[in-house]
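Going by the order they are written in, the chains are A, B, C, D, E and F; count residues from 1 in each one.
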Amino acid sequence: MAGLVVRNVARADRAVVDAFAELGVATVHEAQGRTGALASSITPIYRGAHVAGSAVTVSVPPADNWMVHVAVEECRDGDVLVVAPTAPSDAGYFGELLATALQARGVRGLVIDAGCRDVAELERMRFPVWSKCVSPVGTVKETLGDVNVRVACAGQSVEPGDVVVADDDGVVVVPRKRAAEVLAACRAREEKEARSRARYAAGELSLDVHGMRAELERKGLRYVDEGPR
Amino acid sequence: MAGLVVRNVARADRAVVDAFAELGVATVHEAQGRTGALASSITPIYRGAHVAGSAVTVSVPPADNWMVHVAVEECRDGDVLVVAPTAPSDAGYFGELLATALQARGVRGLVIDAGCRDVAELERMRFPVWSKCVSPVGTVKETLGDVNVRVACAGQSVEPGDVVVADDDGVVVVPRKRAAEVLAACRAREEKEARSRARYAAGELSLDVHGMRAELERKGLRYVDEGPR
Amino acid sequence: MAGLVVRNVARADRAVVDAFAELGVATVHEAQGRTGALASSITPIYRGAHVAGSAVTVSVPPADNWMVHVAVEECRDGDVLVVAPTAPSDAGYFGELLATALQARGVRGLVIDAGCRDVAELERMRFPVWSKCVSPVGTVKETLGDVNVRVACAGQSVEPGDVVVADDDGVVVVPRKRAAEVLAACRAREEKEARSRARYAAGELSLDVHGMRAELERKGLRYVDEGPR
Amino acid sequence: MAGLVVRNVARADRAVVDAFAELGVATVHEAQGRTGALASSITPIYRGAHVAGSAVTVSVPPADNWMVHVAVEECRDGDVLVVAPTAPSDAGYFGELLATALQARGVRGLVIDAGCRDVAELERMRFPVWSKCVSPVGTVKETLGDVNVRVACAGQSVEPGDVVVADDDGVVVVPRKRAAEVLAACRAREEKEARSRARYAAGELSLDVHGMRAELERKGLRYVDEGPR
Amino acid sequence: MAGLVVRNVARADRAVVDAFAELGVATVHEAQGRTGALASSITPIYRGAHVAGSAVTVSVPPADNWMVHVAVEECRDGDVLVVAPTAPSDAGYFGELLATALQARGVRGLVIDAGCRDVAELERMRFPVWSKCVSPVGTVKETLGDVNVRVACAGQSVEPGDVVVADDDGVVVVPRKRAAEVLAACRAREEKEARSRARYAAGELSLDVHGMRAELERKGLRYVDEGPR
Amino acid sequence: MAGLVVRNVARADRAVVDAFAELGVATVHEAQGRTGALASSITPIYRGAHVAGSAVTVSVPPADNWMVHVAVEECRDGDVLVVAPTAPSDAGYFGELLATALQARGVRGLVIDAGCRDVAELERMRFPVWSKCVSPVGTVKETLGDVNVRVACAGQSVEPGDVVVADDDGVVVVPRKRAAEVLAACRAREEKEARSRARYAAGELSLDVHGMRAELERKGLRYVDEGPR
């Protein structure tokens, strides 16, 4: 009963989306209440990329990338493609040809809970991919899936139009309707962290900066000096 | 921003839910277009259980089972509890005490993308659990999560009120609104399989029963006799 | 360039094949020089089965079981089907319908470096399967593979006609041409082990039964009594 | 610099050790402050065994079981053998011959962060093993290790003479000197759990039994009724 | 019964072998019918290497690298060493000393379904390795294996003399006798891909370039515009 | 019963500790009898770091990093922090804020059998981390653990004050009291390896340099020339 392509899905406000590209994935994850991070099995194929974009989602059968081709047409400038197989697969669904097509449309990157290939060429093109593995194994084009439906990708539900932020730490998803609110929370958090960082660099302890000692003692923390060993 | 409990979520029609308990998970997965199966990492703690129920979903922090306690109150007769951590965990979130509480409310089983414990006692109680692992490691009760929100559990999105079917093969989720339609498709599939089974048992080949030979030949299948080795 | 079915491959002498069903997989592995064991990721779907048979091999694409249907026709009484995907897959390639077809031809079991399903029914039928996982996830029938070519299955090369022995410990493969020689080595090993077992049961130590103490001392083994802790 | 066998290590009081065999692994883990549990990768080779004993520890090279033979001599009635490789291995270090030797000395079971084999025979003998995997792959006898030194086994440090408790949930280690104190804590916990169990079975909620509602509210838990979906 | 070294195995034509070094692993995998790729668990220890060579195969016991030393003598200029343990191992079989010896003989790289070490030095030497892991753990030299026999390496059968191609995407094996034919197929594929790439870069869609729309529609693909969310 | 901080633990002699920073992890592992290496799952977050230091150990609950904050105060110039969860966790316990605090105290790096985050910033700061994974997922600060007690970290027991050496190959632990002796053994090994390296580079075979041929022949190694294939 697959075979559905939903067109013209709502995206978050572009200025909001773009602002997330300045924010670390860990910060976004914290700022929205420690949620939305994809599993740590999803890693960047090269270091140094940092993108934010609107999710175009693709539900694909294992080892079949036909729907990724279908999805290209639904992508717009500023999007990030999010691909999730209906059952686990480590095939190489994606390579530099598809990246060429996506880059021509202004797509900012790919997140896939499966494999990708042509990683040397993708790095040269600066088309970033966050994937479960690198695999030269190709796929077939035989079976339908869906585009722009809700998918479960690496442990998180992703809706089309959600904001996807990805950097060297991994990937986090922000629900479209909460994007502005989360953005504000991120900025507040960054300011607070800047203050902590300065104090830590000066040698202060987080135990003191954040006043943790009383609570630690209340929970029973005790200090002893080492006896003879 | 976690900490939400949604009450009185809609369930599918009870007769429809109950009818799924007669259907194998593999059949349901096929009948709804080869979708909805949780990852094969989710296995039953004992063999022979087969349940269908309405999902009460729980989003929990890693290694913290407080929200499972909260969720008990939201469960009704005929439900199945579905627990998904916001980040991977193999702690033992669930044991025979919680099972006692759930069984007292008519809950039919637990699906959890994390660990459970007390498996010997759970088998004696006939309270079935499908989990990622068995682990004696306990959890804390410190941090909020959510009850009856959409969760991503072992590779599938699950909405509260979806129909969950589980047997020795694993777990499949049927969207609540499609439950009746999928049930009908399952029954049609079972009838078709019964006819195939009888012919296979009599020695007929699926190549002939399903008329595959022409298409195989068209794709290039060729037969040779073994030469000397 | 797949799509080859090799017919009428040579099998080992039937009496030799059958004799292996009395021998443990661990014994066979040792007797042929500690080789031939499939990876420990391959486990039986139920305990207590113990079979030996001639390998009919199947090379399948990921998540596509079409060639298993093709392979059924090539199976004879006394065979064991060995299925290896060309790239990793945990889809459920095999269930009770195919088992019905194989059982009708006298096939003794299945070894598959992928998933199988319908495990409750397979156990009821007493059709044993050794697989990488149990998964309800079905497969497509779109792409050719090969039957009775050499495959790499769970870490071992398997030729069609090789002897496959499987029990609760796992699976071992014996090259067809060495089958008689390995059988003899197994029997010699079993006699030796019976003698050791009797002496161990009587309280003798393997250090003495096998005269290990001198070599251990030569390599530097030293004994101390525990001091105060 | 391996090659050390420490003899006559201190064990905990036998009555204390034996009393642990009545206590679930999960209970012991909780009672000693949620510590001591081996990783969930360590599972019993058959269900229903439940033992407690004093650890005889063995540090072995990968794929070499020579030191297990050496360790047999150091075992006494009431011991449990704990085997940890110096580097990961899934070879089958242990089978029914060694079990015969250990059973003749009154050893109660084996815990090994590697593979074991002959599992059908081990179950018939009722010699329980908790292992990382089942593997027919044998080992060599070439390289020394140590007996009764501290080992890191599946995520826990184990000292010779520590109390090892194992059941269907896994394995927990209790430091020898804390054994009596932990035993008392276990019993107190069991009494408390019995009271909870009775109330849960009568339909009371843990939220009420343990007075969790106020703290949940304080942390911000909020309840809403489902709107239209 | 191990202990066999086969000398002077046939290699593919040197010009053909060398030509593969210009071809991506993914291309070769596709061009030979989507076969021959090693599992994605095999990754390069550093990025940017790209080699093709003739396989010298080594079957080694777990955690024992003696036969790698034996194999050095069998290597010639233009070879790639392929090492497969008879049972899984993540020990560090290989480091810069062996690389020095191989480099002195003109060997182009190592493929090993186990661990390697000294990776910083190996990168400085520009001796590329594709391995399952990096591990400082050393091996022993006690037990025989085989050189230049067929091995199963990371999911593929490899014969001595087969062509091995490796780059950042992984490793693919081409049967020696098919090398020239596969080379031609690769070149044809590359030309076709160059044409696609140019059209994609110009903004054309693969749906149109490859005429997929009709078949997608025939299989039931349907487009809808998003309703209100 | 957690909640203990041991202060002022003994470190090894500083000159000895510092000298280890010149030695490869693989060399240290070999020189102390092929022991002490952490599992290969522990990898550096960036290449090129090489440190030696005295272990400050931290035992943490899963997904809770409170005790890392406590541990900062116990760190001195020249230390390496070693963090081990009491149960498996891949949460991101550690990021650039804690690194700032540690760097201000002269700490040389972190070894953690769990996740870390902010890896781009950590690399810019040149604060090296060896971790099980990179994960943006944050932790809570709710539950006590211990500082400077013995921990089991990635397969090795680590005592506070042990010497930790880490480079691109991984991590090795040297017991504090054996540090000087192991250092001497390392230097002897390095000299021996330098001699081997020179001979290998000149084309000599290890079979000859180390006189292995006789022992190989005694064990049964045999050479054959390839027949026709």
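Here, a residue touches a chain if its C-beta (ideal position, glycine included) is under 8 Å from a C-beta of that chain, and two chains touch if they have at least 3 such contacts.
Please read all numbers here as calculations on a predicted model, not as lab measurements.
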Common touching chains of subunit F and subunit E: A, D
Chain hops separating subunit F from subunit C, counting only touching neighbours: 2
Chain pair equivalent in interface to E-F, over half of contacts matched, among A-F, C-E or A-C: A-F
Winner on C-beta contact pairs when C-D is weighed against D-F: C-D
Residue-number overlap at the subunit A/subunit F interface, same or different (half cut): different
Centroid distance [mean C-alpha coordinates] between subunit E and subunit D, Å: 41
Cα-centroid distance, subunit B relative to subunit C, in whole angstrom: 30
Junction residues of subunit B, two or more chains touched: 34, 37, 40, 61, 86-88, 90, 135, 137, 143
Touch-based graph of the chains, sorted into line, ring, star, complete or other: other
Set of all touching chain pairs, with the criterion as stated earlier: A-B, A-C, A-E, A-F, B-C, B-D, B-F, C-D, C-E, D-E, D-F, E-F
Interface residues, subunit C side, partner subunit B - complex: 3-10, 66, 69-70, 72-73, 90, 92, 95-98, 100-101, 103-105, 115, 117-121, 133-138, 141, 143-144, 148, 159-160
Subunit C contact footprint on subunit E (complex, rising order): 1-2, 32-35, 37, 39-40, 59, 61, 86-88, 150-153, 155-157
In the complex, subunit D residues that touch subunit B: 24-26, 28-30, 34, 37, 40, 43, 47-48, 50, 167-170, 172, 193, 196-197, 200-203, 205-207, 210, 212, 216, 219-226, 229
Residues of subunit B defined as touching subunit F within the complex: 61-64, 86-91, 135, 137, 140, 142-143
